[in-house]
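For reference, chains read A, B, C and D in written order, and residue numbers begin at 1 within each chain.
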Amino acid sequence: MPDAGAYIVLGAALFAVGMVGFLARRNLIVMFLSTEIMLQGVLVNLVGFNRMYAGVDGQVFGLFVLVIAAVEAGLGLGLVVLLFRRKGTLDSEVWATMHG
Amino acid sequence: MTGGLVYLLYVLFAVGGIALYLAMPRTQGAHAKAGLVIGGGAVAGLLALCAQVYMAPHGSNIFYYIFAGVALLAAGRVVTHPNPTYSAVYFALVVLSVAVLLVMQRAEFLAVALVIIYAGAILVTYAFVIMLAQQSGGGSSADQRAREPMLAIIASFVVMGTIAGRVSDLRELPNSPVEVQATADVMDVPLADTPVKDAGNTLSVGRTMFNQYVVVVQLAGLLLLVAMVGAIAVSRKRIPADEHGPPPPPPGEIGRTVPPF
Amino acid sequence: MLLAFTQLGFSSILALVILGIILGMVAYSIYFERKIAGWVQDRYGPNRVGLPTLVGDLLPEKYGKFHFWGLGQPIADGLKFFLKEDIIPSHVDKPLFLIAPCVSLIVALIGFVVIPWGGQVAIFGQVFNVQVANPDIGLLYILGVGSMGVYGVVLGGWASNNKYSVYGAVRATAQMLSYEIPMGVAIMCVVLTCGQVRLEEIMASQVAGWNVWNLFYHPVAFIILWITMFAETNRTPFDLAECEQELVGGFHTEYSAMKFAMFFLAEYAHMITGCAFLAVLFCGGWDPIPFVRIPLFRPEDTGIIAMLAKMAVLFGKVAFFMFMYMWVRWTVPRFRFDQLMRVAWKGLIPASLGVLAVAIAGLYLGLHRTLWFTLPGNVAVVLVSLWVMSRAKDPVSGREANLPPLTRSPELGVQA
Amino acid sequence: MEIAGAGTLGVLILLLPALGAVAAAALGPRVLKGNSHLPVIFGVGGAAVVALIMLKRVAGVGPEALSTPVIYEWFSAKQGSWFNVELWIDPLTALMMAMVTFVATFVVVYSKEYMRHHDHPERGYERFFAFLGMFVCAMGVLVLGGNFLLLYMGWEAVGLCSYLLIGFYYEKPSAAAAAKKAFLVNRIGDFGFGLGILLIYMTFGHLDYRTVFEAIRLTNAHNADALMSLLNLGSLTEAQELIHTIAARLPYMALLLLCGAIGKSAQFPLYVWLPDAMEGPSPVSALIHAATMVTAGVYMMVRCGLIFAASDTVMLIIAIIGGGTALFAATVALVQTDMKRILAYSTISQLGYMFLGVGVFAASSAIFHLFTHAFFKALLFLGAGSVMHAMGGVIDVRRFGGLKRIMPITFVTMLIGSLALAGFPLFAGFWSKDEIVHHAMMHRPILGIVGLITAALTAFYTFRMMFLAFWGEERVPEGVHAHESGRWILVPLCVLALGAAFAGYVGVHVESGGFLGFLQPDEDMAHPQTAIHHFLSEVTAPFHVEHGAEHVVAAGHAAMGAEHAMATEHVADAVHGGFLAAIAHHWLMYVSALIAIGGILVAYWWYVRKPWIPQLLRSMLPDAYNVLLNKYFVDEGYDKAIVKPLRMGGVTCFRLDEFFIDGVIWLITAIPRFIGFCARSLQGGALQGYGLTMAAGLGIIVVLALLM
């Protein structure tokens, strides 16, 4: 049976990849997906930690992470669409100025 | 993780970072293949390290390696693929792999919830990628250029590599009660000879959630409600009525009115 | 050797068997689809392709040319799909174009593993579940797999790089998202009533005691789930993703030959799984008659004969629901897209929430398994829905509002 | 003696208009719109009802009525001593408040129609009513306030309202300029006023009337013991020293306070703002710049009678300023052609009468004149507004004429007002003005004669205006459909006309003997018989008892000794003169009646019968005419003497600031700017840039924390 440590290392790696995506990609939707990858890393991590203790608290936390992800999907995509409507592009660079 | 192995972990993270850097989209063509090869090597090394350090006493499970590898490589593709639609497809792969990994950790309920919720969420993402990408007429130049990939990779991998090396040093921790109890091999889990009374995961997750975390559940519901209202408010199209089509006729005027369906 | 024959082995064999049955059913579903269309439209349907080489040619000449009611048609169709040139248009996104039908078919085919096909069976003193897998979360598994069913459509639509295909994909997405909600809520009623998310336990609860199927506890939920099944499988009247009149072929406009066949297969496989699901959830699964205990069909009957009889009953129900699919297809016209959306958001979701409220109230009062509580509750939900609908006088849609206004002509009365 | 429920009544008077104003301001733009007058009418009308109830209660108690309810403790400047929000309710307050709210009510009612063009509310309709309500509240604070702080607050608040309302048509440059002018000129006076209050605080350590007045009384009585306990002084010596200090400082306090009064009541030399203030809407002119706010100076002097009457020099200064202003403004009014400006100069002139009255120790007559003046001057302004309304905004009497048939009710009411202003016998102004002239004759005969001349001029210019506007052939400006105003305008005119006709009778008492003897003003201020003088006798007591001149002398204030002696004689005359006074009084009454009638007749002769006479006079005396028409070039003089040098200084300072100080500051700010220039690249604005910075920072922290 895989030990919790393996999951933690995997979670960290996923999180790192997601973070790179968020920082380095310009497309708003890819940035968005990258944050979701970070959440996946968190989820893996939580489940990994869950194995170390009695109970299923880690999994419950994981469910709440899912709630956050759902919220993020709803609101985030709404905002992406709004931004896209304003500038006609998904490039995050065009939002570098402070005024709309 | 002890001694030199930690440095091996750091080295693997660094190699993964290099692979990611190579695969990042660039205007003068990315070295995606090279990145994939090196990244595959890094992932394999990482998994081998895990096998060496964590799995050895318990014996290994091939599914962990497969799906962890798939998840990592797919995640790498999500952030490096110049086409956002492919990013979304790869992300689906990440989600499914992670779901399998969760199942292996006896978190079936969480795994299925993950698939259901992300199926919905990613579906929307797909739809938007498709609509917006089609509207903007093919690949945007923004997708061809990564933004300071080197700095981003260094920052992220240093952070996560360090934390992973530090936190995953779990050998000293005692074996948990859950682990002792859950002796069934992962292969047995989906099969029907699990005792019915050990309804297990779903039941215990539900119990914990609605006993211990009931307030948090309420808060999560509230959060979802707020997000729904916010999303509707944000994405509502504000078009003056007189610009697009005639205004709706006032009630009582002649017009076809029928019950809603 | 026999000692090694565990549930795993049994499940593997069962999986292969069921897969075979399903694929066969798919093939002949297409035949029956066309046959039923013929009956509905007062024509013959496929009746030419007999079984010429195997049977037909062996018959004496005096019987004339016997076509076996066209039963060879599916085989001929299949051969045609295999032998046609497999065209990949130059403008498509090749990888995704190839993956899409596979995704579609795979997702459609993996759904059946959690369906309990025939209770339990004892072979050589060992008791097995007649079920490929019995995970903790069987019902949720079906939901999850079902929700992924649209991936193939979306990928195919996008990869085709064709406006019609994209419209089909986008429609499919919106439709899927909308109909997942009433579907989930209707299923929640069953879960609350049975207190289980394992399908086999849900089955067991239906055949226990008075043999009351969930259909009788929650008729409205059953109807809602049934309707959403139509939508989930993109069948008429919900086939907006592929409607020929508007979108040529929708998401599969650019597909041909085997890849098109895979979409086709996937659709029917999905339908079969959905029907089995419906039968298990609401209609007692392998239990032939409600309220009555029949020998051979009791949970404790674990003989191989009993298993086969139970499976036959379940497949009979599946066939009935399949027939319903086809009947509806050739009877009910397609929705317009805004109507489709309104059916989900203003019709099914409120109604399903109402039924869920009834189920919750029953659970709270301890009356969730009593007909005299849940049935009037369902009736009340229907009445309230009807009353609300009769009060609502909205114009049909935003599109309707954009049509030129009706004018009144003194001679002719109201005229468009 | 205490007045029942005084605190409640006072607070109601303050709150009702304020609430109305707030309602008009808050709900006006969105909810009430064309009905914005409603809350203010109800608020001010309610305040008027409450004020009348208060007047009745005060009158029931009698002249000694005095309540000083403390509403709440306001703030503390030093340990144990609080400035309270307190009221001071006595006959003077009650009378003033009743008059203010009564007139204000009818002005607000009048404005309902006046502030509309063709029955559509003007722009800023709700603003106008909100300001009016605010003004009534501010005036209430001024009059009801029980200490100098509240007095000052109300003083400034009415100034603010006046500013806002003069500048009501702020798109018009002249209105904006007039508003600024009014505000600035008032600032000059208020500066002195504020200094006066500070001096009072410095001297007494308190600002509430009760303590201050009591301290002055004790000073006059040389009661060091009581003063010590009153002011919580350390020792008797200190108290005695304080008595000297107070006695020495009282004239300066009076002079400083006088500055404020001059500014607010538009006396020479600070009168210049009032004629320009006619840029505001007519109801504003009627209410603020005729009836109420401008009389605040007079009210304040009477209220602080103990301070003012302590020094005869100050009283002389007041009398000279008053008499001089009265004559001066009357002469200017002779040649003006703008109806509202004529009335404005007339107001200045009448305010001069009031100052004269105060200056000749006839404070209660001054208040009496204030009272009657409020009615007839408000009436005249409202009438002028009605004419202006009908003439489409034209107010120049040369451009219309013969209106008496077109606007009969306006004409009749204005005629009543004019008769009252001119001092025609039996009308309100006659009684009050006559008393002032009488007292001036008694004390300063020269000023009395000035008063008589002014009375003649007043009668003349008032009826010059009336004859030009209402007699002669019917003429209206082109394109104007002249018409009588509506009910909302005419009802207030009629009510005020009643006041203008009969308000004077509160100051006369019925006495047998002699022609007109049965209607006789009080001449004996120490023991008044008539309603108003009896009512005010306690308040104005400092002016006509032996007002402590000897004590002042005894206190060693030698500089004013000679004056005191003289004043004492006059006071003695006034108090004990009996027979002589009576003769003088009757004689004067006939004379002033004749003068008024004579002035009216001359005006009739010149402007109706022989219009060539004024033309001839103008051509014969062009210089005199020009001087009068240009108001003695006072504004120009101010401009040359004050404004230009100030502006020069301002320009110099500005240049200095711009080139020298700004340069230094620029050099100093160059340092952070340079740092910002260097650090600017960190702030690219892109979200990911910040994210990257954060991640890098996190990386450094993690490496430091976990590996080091």
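As a working rule, a residue touches a chain if its C-beta (ideal position, glycine included) is under 8 Å from a C-beta of that chain, and two chains touch if they have at least 3 such contacts.
Please read these numbers as outputs of a predicted model, since none were measured by experiment.
Visitor: Which pair, B-D or A-D, has more C-beta contacts?
Guide: The greater number of contacts lies at B-D.
Visitor: Going by C-alpha centres, which chain would you call the most central?
Guide: The most central chain, going by mean C-alpha position, is A.
Visitor: On a C-alpha centroid basis, what's the spacing between chain B and chain D, in Å?
Guide: Here the centre of chain D sits 79 Å away from the centre of chain B.
Visitor: Taking the mean of the C-alpha atoms as each chain's centre, how many Å separate chain A from chain C?
Guide: Taking the mean C-alpha position of each chain, the two centres sit 34 Å apart.
Visitor: How far is the middle of chain A from the middle of chain D, if each middle is the mean of its Cα atoms, in Å?
Guide: Measuring from centre to centre gives 72 Å for this pair.
Visitor: Please compute the C-alpha centroid of chain A, do the same for chain B, then give the distance between them in whole Å.
Guide: 7
Visitor: So which stretches of chain D touch two or more other chains?
Guide: 686, 688, 692, 695
Visitor: Multi-chain contacts in chain A: which residues touch at least two other chains?
Guide: Those would be 19, 23-24, 26, 92-93.
Visitor: Hey, what residues on chain B touch two or more of the other chains?
Guide: 109, 113, 120, 124, 147-148, 151-152, 155-156, 159, 163, 201
Visitor: Considering every pair of chains, which are in touch?
Guide: A-B, A-D, B-C, B-D
Visitor: Residues of chain B touching chain C in their complex?
Guide: Listed in rising order, the residues are 85-86, 89, 92, 108-109, 111-113, 115-116, 119-120, 123-124, 126-127, 130-131, 134, 187, 189-194, 196, 199-202, 244-246, 248-249, 251, 254-261.
Visitor: Can you check the complex and tell me which residues of chain D touch chain A?
Guide: Residue positions touching the partner: 684-689, 691-692, 695.
Visitor: Can you name the residues of chain C that touch chain B in the complex?
Guide: Per the stated touch rule, the residues are 6-8, 11, 93, 96, 99, 128-129, 131, 133-137, 140-141, 143-144, 147-148, 150-151, 154-155, 157-158, 166, 169-170, 173-174, 176-177, 180, 197-198, 200-201, 339, 342-343, 346-347, 389-390, 392-396, 400-402, 405-406, 408, 414.
Visitor: Across the complex, what residues on chain D touch chain B?
Guide: Contacts found on chain D: 686, 688, 692, 695-696, 698-699, 702-703, 706-707.
Visitor: Okay, in this complex, where on chain A does chain D touch?
Guide: 19, 22-24, 26, 31, 92-93, 95-98
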